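Look at the two complexes coming up: chain A is in both, with chain B in one and chain C in the other.
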Partner chain A sequence: MVRTYFLLIWTWTRAAAAYPVSFTLMILFGIITSGLDVAVILVVFANTTTLAGFSRDEVLFLYGAASVSFAICDMFISNIDRVSQHIKAGTLDTILIRPVGAWIQLAADRFTPNRLGRVLQSAVVLGYAVGALDLDWRRAWMIPVMLVTGIVIFTAVWTLGGAMQFVLIDAPEISNALTYGSHQLNQYPLSIYARDLVKGVTYVLPLAFVNWQPGLYVLGRDDPFGTPEFLRFAGPVAALALALLAALAWRQGVRHYRSTGS
Partner chain B sequence: MRNRALTPRRCKTIPLYARLVRYGFRKHATYVWASLAGAFTNSVFGVLRAYILIALWQARPGLAGYDITDAITFCFITQAFIGPMQLFGGGLGIPERIRSGDIALDLVRPASLQLWTLSEDLGRAAYLFLIRGLPPMLVGAAVFGIRVPTDLVQWLAFLAGFTAAVVVSFGWRYLVALSVCWLVDDRGVAVASMILTTFFSGMMLPLHLFPGWLGDLAFALPWAAMVQLPVDLFLGKAPAPDTFAVQLFWAAVLLGLGALGTRAIRHKVVIQGG
Partner chain C sequence: MIELDGAGRSFKVRRRVVHAVRDLSFTVSPGEFVGYLGPNGAGKSTTIKMLCGILTPTSGRVRVAGLDPSRRRTTLARRIGVVFGQRTTLWWDLPLTDSFELIRHLYKVDRATFRSRLDELAETLDLGTFMRTPVRQLSLGQRMRGDLTAALLHAPDVLVLDEPTIGLDVVSKASIRDFLRRLNAEQGTTVLLTTHDLGDIERLCRRVMLIDHGRLAFDGTLDDLMATAPEQSSLEEVVTRLYTGAAPAQ
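Let's look at the complex of A and B:
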């Protein structure tokens, strides 16, 4: 399965590399586009020293951690949000009769390696923040754990977004609110949001485990909302639960699909 | 013998463009669900962005001459502008027509390509103003409470400023679209335009927050005329005549460049085949 996936993305990469100038430019523009979010954070902190109790470097740490996971999923998984286009064009039929899982094929569909620019940009910001903050090194083991947790959660979120499109064929943009909205939410400390919203993204859709809960542990901070200590380590469990739910939703979506038959 | 019935009646100029505005409106009105989905996504992002501004204004009350309600209103009105002004780019269909060669057909029509496209785009903007502009404002009003103009003069000033902003945004997007004629692959220009528009229009943060020279630069660029200036009219933070002057200046400059560009592609276009 994994081999098939890499074979598919390698094929798409070779296709993209046929236009080397365009390819290089798109990597560069990818870096600048995702850099805009950092520019917004920097402009905000040009006007204030703390935002909801967090300093600039702490916010950059949270931003970087969420964005590395998000950018990796954006590169490898996000193509799955073209389900409704495939349904409308009738190409989903072709995908379903091939001897490879539909999820694998759709995730690799029109893979463009130029999103690597975003991964690099986020990694640089995370690296800067880790260097600039005076972190307790005994807690640093959590950083790779939170990145992997984040990747699993965002993969599940994108899969849910794709599954939604089996129903919302005419309104695929709704899934953007879920996928890109999740990233927007995680760019800032959750302490800026209302208590009920944070409860929702902790106990219902566990986005708080991408960077907030484990990030509080790394930064050695107490949760301003007073959630219990063990939640800092609950990320992997929450991620697996969400992944399971997303897998079920995806299966349900594929079964729900009816071809137009023409 | 002249058969008048077979001679197509020549469309008079004003009715022609008025009809194109209507067609632009109706063409987009076909995709109600797609537009409502867009409105939903814009509203969700509005809520998420509003919290950032609330946190900032709690730390710095009265920043940039706005209070918290002004900042929240700013956030939702910018989300409402995304659809009508196509702040992420596109909306014109010219690049595809240049690539497919259909543009040759557009250029031989006895009407200006630029005015034709502008009319359709105004119709599109009017439709998206209703269906993608109002929902984020209503969500903002319901979740946080927003400020709306209290007197009629301010409403009229805003609507005039908004219309001018749509024309400026068209002027810019038209130039971006024409560049395909020279560059073949328009993705690079499209992304560059998206970066410039979202950042320098005030869509991401009020331009008043940009420090020092960056703020001066942002206000001196055409993108400010698209979002920041009409929003300040809505909030009653800027004198209307000055705002209109800047917007009309940029509309004239961009439309003028567009007219030159249209003339240039008339000479540039090569019709392939028979």
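Let's look at the complex of A and C:
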């Protein structure tokens, strides 16, 4: 399955390499737009030293952690959210006649490496924050766990968004709101939001486990909302539960696919 | 090879239910060449989509090569070849050669078998001059030949064709018909062919099935079909009579 995926993205990369200028421009564009997010954080901290109790470098750490996971998913699987386009164009039919899962084919569809800019930029921010903060190194093992958890959670969110489009063919924006909205939310410490919202992203759609809960552990901080200690480590479980749910939703979506009338 | 038992598929369209196919039962044995006829909107494409697992039937049972298409779609894909005349199954932006290479990997065809099959198909379908052209730049007839090749590279037991000769000139049509006839005769590939071109039927199909409003209206040999309306002399007239609702013989 992994081999098939890489074969597909390699084929699409070669097709994209036929247009080298737009390719380079897109990478630059990616770095600039995601750079704006960081600029906003820096501007906020030009006037204050803490944001909801977190220092600049701590906020950059949380931002970087969420952004690395998000950017990797954005680069490698985000095309899963083009389900409704494929349904309308009728190309989903042709995807479904291949001996490879529709999910893999859609995730790889029209892959271009130009979102690499975002991944690099996020990794630089995270690297800077890790270096600048005086972290307890006995807790650093959580950083890779957190990134993988984040990747699984965002992949699941994207898959849910894609699965929704089998039903909401005319409203693909709803699933975009889900994916990009999730990332927007995770860019700042959750302590800036209302308690009910944070409860929602902890116990319902477990976005808090992308960077917030494990991040608190790495930073050695208590949760301002006072959630129990074990939640710092619950990320992988929450991610797997969400992934399972997403996989089921996806299966249902494919089984209820109606194709087009012609 | 193909087995339908009371298969049906309906769609909910704004609170109304459209029965595209209802209570359809038939069997196609290995090696048969069957024409699948019916007026526009009769349910032909819907049937074909159920056969390859794209659509899940809402009632009844479908089996292709012994498999339930909607549950074992990716397994079945290795044993069935599908061509949609209306749209390509190839990758729009890739040259034909790249598409074929990708198919080789997706279907896990070993390199030597792939080479010999591709060479053979490329020669009989005359692909030589446009193998390196991106699919979007191909003419309709060229694309169709590319699609046929793509559907056959993994040597499927069953080939399902939904209007493969639509929009082709007489020469291309003749070459594709000739190719299909030989494929069926020499390799024993089971073929189910949907078309609005009765010439395809006359020249290729021993058996004809006709559906109307999602129901099987006729199933028999071409001669049987002609015999349903002895006063008519051409297939076109016979089919017109059936399409316009005169009671079929069965």
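We adopt the following convention: the second predicted complex is superposed on the first by the 261 of 262 C-alpha atoms of A that agree within 3 Å, B and C clash if a C-alpha of one lies under 4 Å from a C-alpha of the other, contacts with A are read in each partner's own complex, and residues count from 1 in each chain.
What we mean here is this: contacts are C-beta pairs under 8 Å (C-beta built on N, C-alpha and C of every residue); 3 or more make two chains touch, one makes a residue touch a chain.
Please read these numbers as outputs of a predicted model, since none were measured by experiment.
Within the superposed three-chain arrangement, the count of touched residues of chain A is higher for B, of the candidates chain B and chain C.
After overlaying the two complexes on the shared chain, residue contacts for A:Tyr217 are found with neither chain B nor chain C. In the superposition on chain A, A:Ala15 makes contact with chain C only, not with chain B. When both complexes are overlaid on chain A, the residue A:Tyr257 reaches chain C alone and has no touch with chain B.
When both complexes are overlaid on chain A, the residue A:Val44 reaches chain B alone and has no touch with chain C.
Judged by the touch definition given at the top, the superposed model places A:Gln184 against chain B, while chain C stays out of reach.
When the shared chain is aligned, chain C comes close enough to touch A:Gly101, but chain B does not. Touching of chain A by both chain B and chain C, each in its own complex, is seen for no residue at all. The touching residues of chain A, when paired with chain B in their complex, are 19, 22, 25-26, 29, 32-33, 36, 39-40, 43-44, 46-52, 168, 170-174, 176-177, 180-181, 184-185, 188, 192-194, 197.
By the touch rule above, chain A contacts chain C in their complex via residues 4, 7-8, 11, 14-15, 90-91, 93-94, 96-101, 255-259, 262.
Residues 31, 33-34, 36-38, 40-41, 44-45, 48-49, 51-52, 54-56, 58-60, 63, 185, 187-188, 191-192, 194-195, 198-199, 204-205, 209-211, 214 of chain B touch chain A in their complex.
Residues of chain C that touch chain A in their complex: 11, 45, 49, 52-56, 70, 73-75, 77-78, 80, 82, 84, 86-89, 91, 93-94, 98, 102, 105-108.
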